[in-house]
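Report on the structure given below.
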Amino acid sequence: MTSERPDMSVQLGSLRLRNPVMTASGTFGFGVEYAECVDLERLGAVVIKAVTVEPRIGNRPPRIAETAAGMLNAIGLQNPGVDAVIAEKLPELASYDVPIIANLAGESVAEYVQLAERLTACGYVAALELNISCPNVSHGMMFSSSPELTGELVAAVRRVTDLPLITKLSPNVTDIVPMAVAAVEAGSDALSLINTLLGMSIDVARRRPMVGNITAGLSGPAIKPVALRCVWQVYEAVQVPLIGMGGIMDSHDALQFIMAGASAVAVGTASFVNPAASVEIIGGLEQYCCDHDLCGIGSLVGVAHS
Amino acid sequence: MTSERPDMSVQLGSLRLRNPVMTASGTFGFGVEYAECVDLERLGAVVIKAVTVEPRIGNRPPRIAETAAGMLNAIGLQNPGVDAVIAEKLPELASYDVPIIANLAGESVAEYVQLAERLTACGYVAALELNISCPNVSHGMMFSSSPELTGELVAAVRRVTDLPLITKLSPNVTDIVPMAVAAVEAGSDALSLINTLLGMSIDVARRRPMVGNITAGLSGPAIKPVALRCVWQVYEAVQVPLIGMGGIMDSHDALQFIMAGASAVAVGTASFVNPAASVEIIGGLEQYCCDHDLCGIGSLVGVAHS
Amino acid sequence: MVQEKCRLLSSEQVAPGHWVLRLAAPAIASFARAGQFVHVRIPTTYDPLLRRPISIMLPEARQGNLRLLTCAVGRGTRMLVETPIGTELDLLGPLGTAFPLPGGPELSEAKEVLLVAGGMGVAPLVFLADTLRGMDHHAYVRGLFGAATEDLLVSWTEFAARCDEFYVSTEDGSAGEQGRVTDTLVAQLERGQADVVYTCGPIAMMAQVAQMCHDAGVACYCSFEQRMGCGVGACLSCAVPAAGGGYVRVCRDGPVFAADRLDWEAILDDI
Amino acid sequence: MVQEKCRLLSSEQVAPGHWVLRLAAPAIASFARAGQFVHVRIPTTYDPLLRRPISIMLPEARQGNLRLLTCAVGRGTRMLVETPIGTELDLLGPLGTAFPLPGGPELSEAKEVLLVAGGMGVAPLVFLADTLRGMDHHAYVRGLFGAATEDLLVSWTEFAARCDEFYVSTEDGSAGEQGRVTDTLVAQLERGQADVVYTCGPIAMMAQVAQMCHDAGVACYCSFEQRMGCGVGACLSCAVPAAGGGYVRVCRDGPVFAADRLDWEAILDDI
């Protein structure tokens, strides 16, 4: 065809991505681990592993277990701490032409604020994602279980950064909508949905939990129906762009999220199964637009609601 | 071996089951549908489809969709109403030598009480399971999202029946433990964990939800990690026997639940995949006891906690 | 109904996307009646999880075999047609209702019958034609078979060989009359020779057949499809709207329904 | 590291539960060094979901093939060894660290080496023995191979053929010395001829080998196993306790580690 290529770009607050496909935090390291077999510059954005104020050594092994169409992980936010991340990890990733989104994990409002200030000032980062939904550390889900705390946290971070602010919510709540509304009202430019489901597995031979941390976060195709439901519910309640994730393996899955209301998607566990997944999804979405004569991917966002 | 067979029986309140394997409500109809290919008299108990006061025609189709290692359903409590169930369904099932557990779904405390009275009086039923966690009807999860309402409901039903009372909880809550504690304090003899997770799926070709009801309940192997985590958490908080369910496909899965703290298990979606699943699981558990020189299955309950 | 482990004996591609599978299923083959189906487990893993319902196209009762016509539309059916020969497949069946036969209580007077097949829908009608042919009081069987193109007239020789008269139509005119099978049906009904119409095919086609039979005052039975859980009537997953309100189960109350038992308007609304 | 579609050329059962798979993997075969592994996707569905790490037993660089020794312990490996010949498998590799070689910066003086294999652990050591044999400055290679019984001395001929001296032990005495491979190692270390020990096998065995080498003041490298997500160092799933605190990643910092880099006490606590 000689006609123009569809417009795949998407706007998250003041950040424009060339396409709606990013990596999910914690599943793509600091990007460079995959650089040998994934063309990072094709991606909409790279979301890096959670960063904390102090270095964290993480949880005791075993840290993962496979489940039916899913996996459990309890990494425990292992990372070298914000200073080392800025000094040692980001410069290399920043040498690629791809927006970097930092994922922040704190234990208090003050820690999130400190992280936001440091990461905003460093100059490498295009947007901040507040991880208030990590099921694998004590208090990891404290903020995401209360609209008041969520709002308070987002507002505090909002005051110290001009970067687009994304809040990442947990599905492990009775109702996700109030959390979403609180985050948006406090100034979140976008929402990431969802973090992992809290689960566990038992090693029958050893008669004890499979993962050292006992409970762990469930990800992968198994959780896709829950993630889609969260996107669907939140889309009906807020106006900001949603980043959908949870079990996205191919472009068909990505289209489900987009039709449910996601403006962008993140690819997590799929990268382990198929490192090329994110790039293949970009191609698949573009192809779908061409096949259906869409001038851009944006026109599909939320169409399943009508 | 000439030694005795292991003791597979389990006690739920005043009810003794010959083995810990029952069917999960809604997945085994009124038992007789499977009688041609499953020996009902081998089962620990048959839990029948939810019963309501008035007949219900159920939700519009399509009512199910397959997902990765799981399925969504939104049946919508279709049933002929408690009078017809007692008059037309239970007599046939009661002709088999297997305890019948009724699953009750009401819209108010008064309805649950009415159901409990009728089902207690009819004489066919060995125990009552309060379904306060159906995600597929409006208000279906109202009770299971609040410890106060759960306690109030259980207490009201407790006053009108001497039958063993089981409360079936939802995983779609921020913390399942307070619900479990409230149900037990109000007089529940046992707890069923878990009902389905709230999910959905999108039909990309038609650009609309896959299931007529839009959202639906996720069951099958996909949810097993979440179910195990709920059993694990509740086992540490209450003393009553737990009935574990959620993705149990074989005896290895059943052992995971027992080691996590379940005294009995229920087989749901697995019956669709393999009608012989429940009977095979009974055999598998017995074999495990023999292979490990256990005098009874009871000694395995909760062993993974130590 | 039994749960039977059935060895896959052969798998033959008969048209683009379509295969005929032959399975050793002595127990199921001995009970099966035309219109019934088997619920087939896809081997090996829990993804895909659920069984797939497939009509019985022909039981070879003597040899104890079943023939299934399978169209690879999605993951499950694709895995099924790619199953290596010799694999044991887990079948549940025979399930559901059969077509009521001429001479039976519902159709005691029927002498001339019309079988109206659309595409894949031919499968249960091959079995029905075979059954009718083998009956003592042989009804006169006219077979109508329509498809989009000649390619998709799957297994038409099997069907034609069992009918007394046989009519073919394709939408693109690549074989038989150009047009839809319902166009052929109009002419047949006008002749007024049909005592009963049996149909299986796409829902929109069956809805039209049902309407035409209703208007012509001819009894009509159709074989329906719906997504299934258990396949045995226990889970209420496979509901379709019934005439007069409420729902019937395709797996147990059907898949063969008297056309006037269904609420066609509601059914067409849902697709 | 590349992601390569690799045709399965052959699959040969070499012992109860053990198979040698041969795959066409020209890119991976050309880069691979002894100690590295491939991350293999189990075909078709999302259950099982994750890739399986398998050591490279021998790359046939000339033909562009890889040989993998696979033990069917669970669902994934069982599906792998049952994969029909001709199937294209998706491999990611070569991944991880290789054994440092005599003459290299870490082992510039090493002349005599010991390879200590336990059961399946033989796979990367076959590759290592092959590499050592092909080096200009050929070190003297002693191979020690232990298993529970003769049956489980999998691929021992491949290993023996590449060593200058070769010792076998089985726990039940069905072949070679009766006892554990570590008993043989005691004697070898006592002779004081080993400049470096390479080992792969069960964790408890490697822990003992590490301790013995430490006591004897001999350098020791071991190839480690841990459950993996990504296989490329991105997800931190495959952590094992490091000496001095914290964790190292088996997929990227290993699978080959200098034995004194690991916290063996903590590792033994976790199994």
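Lettered A, B, C and D in written order, each chain numbered from 1.
What we mean here is this: a contact is a pair of C-beta atoms (placed from the backbone, for glycine too) under 8 Å apart; a residue touches a chain by one contact, two chains touch by 3 or more.
Treat the numbers as computed from the prediction; the structure is a model and nothing was measured.
Listed by label, the chains that touch subunit C and also subunit D are A, B. Comparing the chain pairs A-D and A-C, the larger number of C-beta pairs in contact belongs to A-D.
Averaged Cα coordinates give subunit B a centre that lies 36 Å from the centre of subunit C. Centroids built from CA atoms put subunit C at 47 Å from subunit A. Multi-chain contact residues of subunit A (touching two or more other chains): 68-70, 220-221.
Residues of subunit D in contact with two or more other chains: 46-48. The touch graph of the protein chains shown is complete.
Put simply, subunit C touches subunit A in their complex at residues 46-47. Of all residues in subunit C, only 1-3, 41, 46-51, 90, 92, 226-241, 245-247, 252, 270 touch subunit B in the complex they form. Looking at the complex, you find that subunit B touches subunit A at residues 67-70, 72, 145, 172-174, 197-202, 204, 207-209, 214-216, 218, 220-226, 228-229, 232, 247, 252, 255-256, 259-260, 303-304. Residues of subunit C that touch subunit D in their complex: 44-48, 79, 84. By the touch criterion given at the top, residues 26-30, 33-34, 36-37, 49, 57-58, 60-66, 68-71, 73, 75, 78, 212, 220-221, 249, 269, 271-276 of subunit A touch subunit D in their complex.
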